[in-house]
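Two complexes are shown next, each including subunit A; its partner changes from subunit B in the first to subunit C in the second.
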Partner chain A sequence: MERWRRISLITLCLLIWVPMIVLLAASFMSLAEILDRYGVLFSHSDVPVQVSILPTYPTLRAYFELLFDSPEFFTMFWNSFLQVAPVLLGQLIVAAPGAWAFSAYEFKGRKLFFLFYHIVMILPFQVTMVSDYLVLDSFHLLNTHLALVLPGIFSVFPVFIMVKNFENIPKALTEAARIDGAGEFYIFLHIGIPLGKSGIFSALLLSFFEQWNAIEQPITFLKDKQLWPLSLYLPNITPAKAATVFAAAAVMMVPCVMLSVLGEEYLTEGIVSSGIKE
Partner chain B sequence: MKEKLTIQMTGKKMILVFLTVMLVFTILSRALDSIKVPKVNIAHPQKGNLNYEISGTGKIEAKEMLSVSVLPDMKIRSVDAFEGKKIVSGETLFTFQMTELQEAYEAMERELEKLEISLEAEKLESLPLPKMSLQELAAQSLQKAEEILKKVQDKYEKAQETHSDKLAKIQADYEADQLKTKTRLLQDRYDAYMSAERSYTTALIDQEEAVLAARAAYKDAKRALEEGDGDEEALESEVKRTYKLVIGTEDKWDLAVAEANQNRLNKKNDYEAMKNGTEDGTKDLLEEYEASIERIDQELAVEAENLASAESTYHDALQESANAGINDSYNKTAGERERQLSVLRQKSIALSIGKLQMELHKLSELIAANGQVKAPIDGMVTKLSMEAGQITTGSEAILIGLGDLKLKGTISKESAGYLSSGDELSLFKDGRPMSGPVGIVESVIFVGDDEQAVITANLTATNLSPGAAVDFKATSSSPAYDYIIPINALRKDNDGEYLLLVEDRKTILGIEQIAVRRNVTLLAKNSSKAAIEGGLSYDDIVISGSNKSIQEGDRVRVITD
Partner chain C sequence: MLSGHKSILPNKKKLYPYLFLAPSLIGVTIFSFLPLLDVVRHSFTDAMGNAWTGFNNYRIVWTNQAFLMALNNTVKFLGVSIPILLLLSLGTALAINHLKGSQRVFRTTLLFPLAIPVACSTLFFKLFFHELGWLNQMLPDFYADKDWLKGGSAFFIIVFCYVWKNIGYDMILWSAGLKGIDISLYEAARVDGAGRIESFRYITMPLLKPVTCTIIILSVLNGFKIFREAYLLAGDYPDKSIYMLQHLFTNWFVALDIQKMSAGAVSIGGGVVAMVLLLQMGANRRGRNGKMEKN
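Moving on, here comes the complex of A and B:
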């Protein structure tokens, strides 16, 4: 009985993998087969999509074409890298101290400020798009990498995640450090960051996923195609390069998968701890 | 814990490897792409002019032409002139056949005579004729109708009087006759009644006597039979006969008495009816009386009809008299118009006569010159479309060119825009430049929707033959333009003309040269350059050619020679 239940659960879990399997299978298909099966996605034909998890004639041509004959792909890849890495670094510098302040100190208006953070966090991009655009325009930051980096650095979502994590650190520990003569910055560096590591990592991981896959922000704030990130490579593909779409998607997925595997423990801990009260 | 650290280390290594691999492929793909990037030639916008060379083909023509008219329906005996021949005044151009000229002369004379007769007839027709006006005629009719009406009225009045008299007499006669007739009729009916009464009494007596006689005969026969006095059969026969006689006599006399009685009763009724007044007895008299009345009424009615007719005639005459004035006025206007028309017709005929006389005069001169048509002036025959033996239609062209020459040719409308009056043309014959004659543009005319324009130029030399075809060329320079680029750099699509400029773009992988679209407005162009405007600067790098097809946004590589 236990065995059958396990098999059925595994089967259900495998269903989650179907899109990824389809994507990987398609990345090994020839252009002709891609257009036959998925031509409607590229406005090439009216034939409905014919999903297959095995290519008829597997080929590495799409990967070859992507890696050797698509310089714009790498331009966009490094654009993404350039736009995401500073955001994560910035969040580490800005969001972590901010979250520590909310969790470690009692000050007047703390709850009110945190409420503002809540409100800003729940607003979708479409709501803040126009005001963001006007602000970036007034600072002459439109059509630059900073148009994506700066709003990302000052995102409130990591702060929210980190606050919940820092609040799990026992107050007695920081009090003891103070009695022993430790300064506030020292306490943050040597107690806050090590103990809140999981929360910081989970926040940074989630931010990475958000920034890596962002579409609306680059389309809105970046006019020059030379500045576009990898997330905009897929929507701009033409039927002639349709085969590279799935290969590009597979390659694009690699960093996310690797970071997920690498930070799985921190991600789980951080999310769990942010949802548990002391 | 150790396992966890191992996984983290492996993950970090994988990320580093991934980034390294991506970096390597980035370099490789860039290197490969560099080979494929389109190579472009460039140019910078410059100030300057556009030079145009206009060429075309034209025909030499005389500036002034004299047309020699040709008589229609004549036969050409010989043609002495030809196109391009220089002629002097009085020189024979061609000669008509004399026979046709003579016939035409005679026909024209007859025609002239007919026209003169027509003119005389028209003059006669226009003379006014004496006549009485409608108003006068109407007045006469009215007077006559009035007289007739008066007579008829008198006659009618008399008829009315006669009618009254006759009516009175008829009534009196009728009443008298009615009284007489009634008295006489009563007496007659009484007499008839009495006569019938007597006949009836006589019939009764005669009946009685006859019946008694028959019965007596029967009694005698019967007694004889009973007594046997004679033959029994004869006696019996006699008895039967006498019996039948009795029966027959009784029936006969019963009928006669009944008839007499009936006649008596009828006469009695007639008499009593007359006597009691239930029957007049003067019906015929009344019918006669009514017929008499009707007759005299009819006589009066005839007179009344005559009177009505006379009155109607009189009123018609009155109306006619009123209308006669209007009709007289209309007739007068119409007559005047007809007279004026007649005068015009006379003038027209007179003009035709004049024209015909002139033609006749010319024809007589032509006949006197043995049918030879001569040049009226010195010049050159530029057109002559006739030949010996041909019957003329009158539309044959004989043109004599006089004085200076001109060139008439066509050029494209686009080229025509660069030429103006006063520009100089170089002339070429069979591809070689002609020394001496030069054309000065007189006019450039755009003709309708054609893609061609007609150019006319005065020629400085006169030793050319009209009708000859020559080539011509002219050079023209446009005003100065701010931005001139090679014509190859100008591109066009549905949104209009545009250029592709080379711009440096900073990317994460270094500086790239990108083709950028710049919409421009074309001001003018020649075969190699174009003048444009549209926010350019002299530092802009314009793509004037490439080894591959390029479009906006493509990476390019500038070739510097």
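Moving on, here comes the complex of A and C:
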């Protein structure tokens, strides 16, 4: 039984490891080797692909070309940064206090607001893209970075994850602070934030993966391809840039995977929090 | 969970919760509530957004061939892939839970697909499923000239991509559910002579039911995101079998057909909300004791 478990789990993990290794290996190949092995991808040849988990002649040339000779890569990387960083910062400033209000206080309208948030959370992009479009159009924000940033900041998902975490803070603690004369903002900053910070990390980490992978939003709201983020670099690569495809994939993938390893605890916590429902 | 021991503030401090909530609430109102209401309004009016047209837009959408096909494909996709995902991820969670040692490696690995950008994973899948791709070279010659992304097999590739992406996510949710089950129940059952299978059937399964409903909801929501893979693998006009609602909306969007989009969005939104409510009710009816505990 134990052996079977191990074998099936290892098989499953191979399905995850092999793609990563193949992509990484290809990132160290020369252009000639890439075209030899994977030419069909760029309509360069009709020779069947020859997958390899090791490059025949390892070289860093693809990385050099990507870093020093691919201005469009840098533009898109910068676009991604401009579309992701403000969202995370904004969520920290907006969602954290909002979540604190829901979890620390009883107030009129609380249940109703929370229900609204719930409804907004479960609507898929297919539904909200029309409403997003209407509001972005009326503010003349279409085709600007803000078209992705503002809806991102006011996403309700991080609020829920933070609420779950703030709710674990013992009420005795905040009550005691209040009796000692601490103000409400002081309590939020000195009890809420420090004790709820793992929830905040979790929410921001999940948001990061979500925003970094944004595909529907940019292709819908950004007509100007000059504004497109890195997530759309690979799909739009021209055969002339074939040499950089795998290096670009590696540059996108490795930091994300490292982040998931380093932040595994928070990632797990965030997923579990998203699963707790009333 | 909404009730409980919240702080009841003295009168002069009653304003504070609203102050904390205001930035978020105002933003969500401007960027979500009001536009959503506007969409509902648009769904009942003509192209100028003035004249009331009753259910006309809905009639147009619900008789639109492309809409019916996309809806059918999306429902079919969810219907096929979610049971597969649920069973596989539950199996994985159980397998990891019972493992002696090295649990960490497997858990970490299974979370990678969540982190790997969709553009990267689809690059590999293209290599793999291409007409001249890796898969065809591993298969016997008999099958080896098939382009998996064309024809009905595209559907199963999308199912595969979805399961690949989400198995870690669901595994974590199942693990949390399993952790919430009191171990003493199993010990008591063992004393009473219950075997492994009976324990699973009569303890694990009933206690996991509420959790199951939650996992289904989250899996459906993640299922709507499969457009990313479908778009990156097959472009704007993929095989008919993977033409999803998002494709249709993207195409309507190009034509800026706000009436159709609004009526379609309200229909789908209503469907999703109704489904979640049903599952939520199911979860509550089936008992509150199995609620996920966070550790």
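Convention: the second predicted complex is superposed on the first by the 223 of 278 C-alpha atoms of A that agree within 3 Å, B and C clash if a C-alpha of one lies under 4 Å from a C-alpha of the other, contacts with A are read in each partner's own complex, and residues count from 1 in each chain.
In this section, contacts are C-beta pairs under 8 Å (C-beta built on N, C-alpha and C of every residue); 3 or more make two chains touch, one makes a residue touch a chain.
All figures in this text were calculated on a predicted structure; none of them were measured in a lab.
*Asks:* Contacts for A:D132 in the overlay, against subunit B (first) and subunit C (second): which applies, first, second, both or neither?
*Replies:* second
*Asks:* First (subunit B), second (subunit C), both or neither: which does A:T75 touch?
*Replies:* Only subunit B is touched by A:T75; subunit C is not.
*Asks:* Please indicate which partner A:Y63 is in contact with in the superposed arrangement: first for subunit B, second for subunit C, both, or neither.
*Replies:* So A:Y63 meets neither subunit B nor subunit C here.
*Asks:* Scan A:F114 for contacts with subunit B and subunit C and give back first, second, both or neither.
*Replies:* Touch status of A:F114: second partner only.
*Asks:* Which partner does A:F28 contact after superposing on A: first (subunit B), second (subunit C), both, neither?
*Replies:* A:F28: touches no partner chain.
*Asks:* Please work out whether A:F166 is in contact with subunit B alone, subunit C alone, both, or neither, and reply first, second, both or neither.
*Replies:* The answer is neither, since A:F166 touches no partner chain.
*Asks:* I want to verify the contact counts: of subunit B and subunit C, which reaches more residues of subunit A?
*Replies:* Result: the larger residue contact count on subunit A belongs to C.
*Asks:* After lining up the shared chain so the two structures overlap, which partner does A:L259 touch, if you call subunit B first and subunit C second: first, second, both or neither?
*Replies:* Once the two structures are laid over each other on A, A:L259 reaches both partners.
*Asks:* For A:K225, decide between first (touching subunit B), second (touching subunit C), both and neither.
*Replies:* After superposing on A, A:K225 lies in contact with subunit B but is clear of subunit C.
*Asks:* Both subunit B and subunit C contact which residues of subunit A?
*Replies:* 259, 261
*Asks:* Looking at the complex, which residues from subunit B come into contact with subunit A?
*Replies:* Residues of subunit B touching subunit A: 4, 7-8, 11-12, 14-15, 18-19, 22, 25-26, 28-30, 32-33, 505-509, 512, 514, 553.
*Asks:* For a test of understanding, state which residues of subunit A touch subunit B in their complex under the given definition.
*Replies:* Residues 67-71, 73-75, 77-79, 81-82, 224-227, 254-255, 258-259, 261-262, 265.
*Asks:* Help me check something: in the complex, which residues belonging to subunit A touch subunit C?
*Replies:* Residues in contact with subunit C: 1-2, 5-6, 8-9, 12-13, 15-17, 19-20, 22-23, 38, 40-41, 46-49, 51, 93-95, 97-102, 104-107, 110-111, 113-114, 116-117, 119-120, 122-135, 150-151, 153-154, 156, 159, 164, 167-168, 171, 174-175, 178, 184, 188, 209, 212-213, 215-216, 219-220, 231-235, 245-246, 249, 252-253, 256-257, 259-261, 264, 267-269, 271-278.
*Asks:* Which residues of subunit C touch subunit A in the complex?
*Replies:* Within the complex, subunit C contacts subunit A at residues 1-2, 5-9, 13-14, 16-18, 20-21, 23-25, 27-28, 30-36, 38-39, 42, 91-92, 95-96, 98-100, 105-128, 130-134, 136-137, 164, 167, 169, 172-173, 176, 211, 214-215, 217-218, 221, 224-225, 227-228, 231-232, 245-246, 249-250, 253, 258, 261-262, 264-266, 268-269, 272-273, 276, 280, 283, 291-292, 294.
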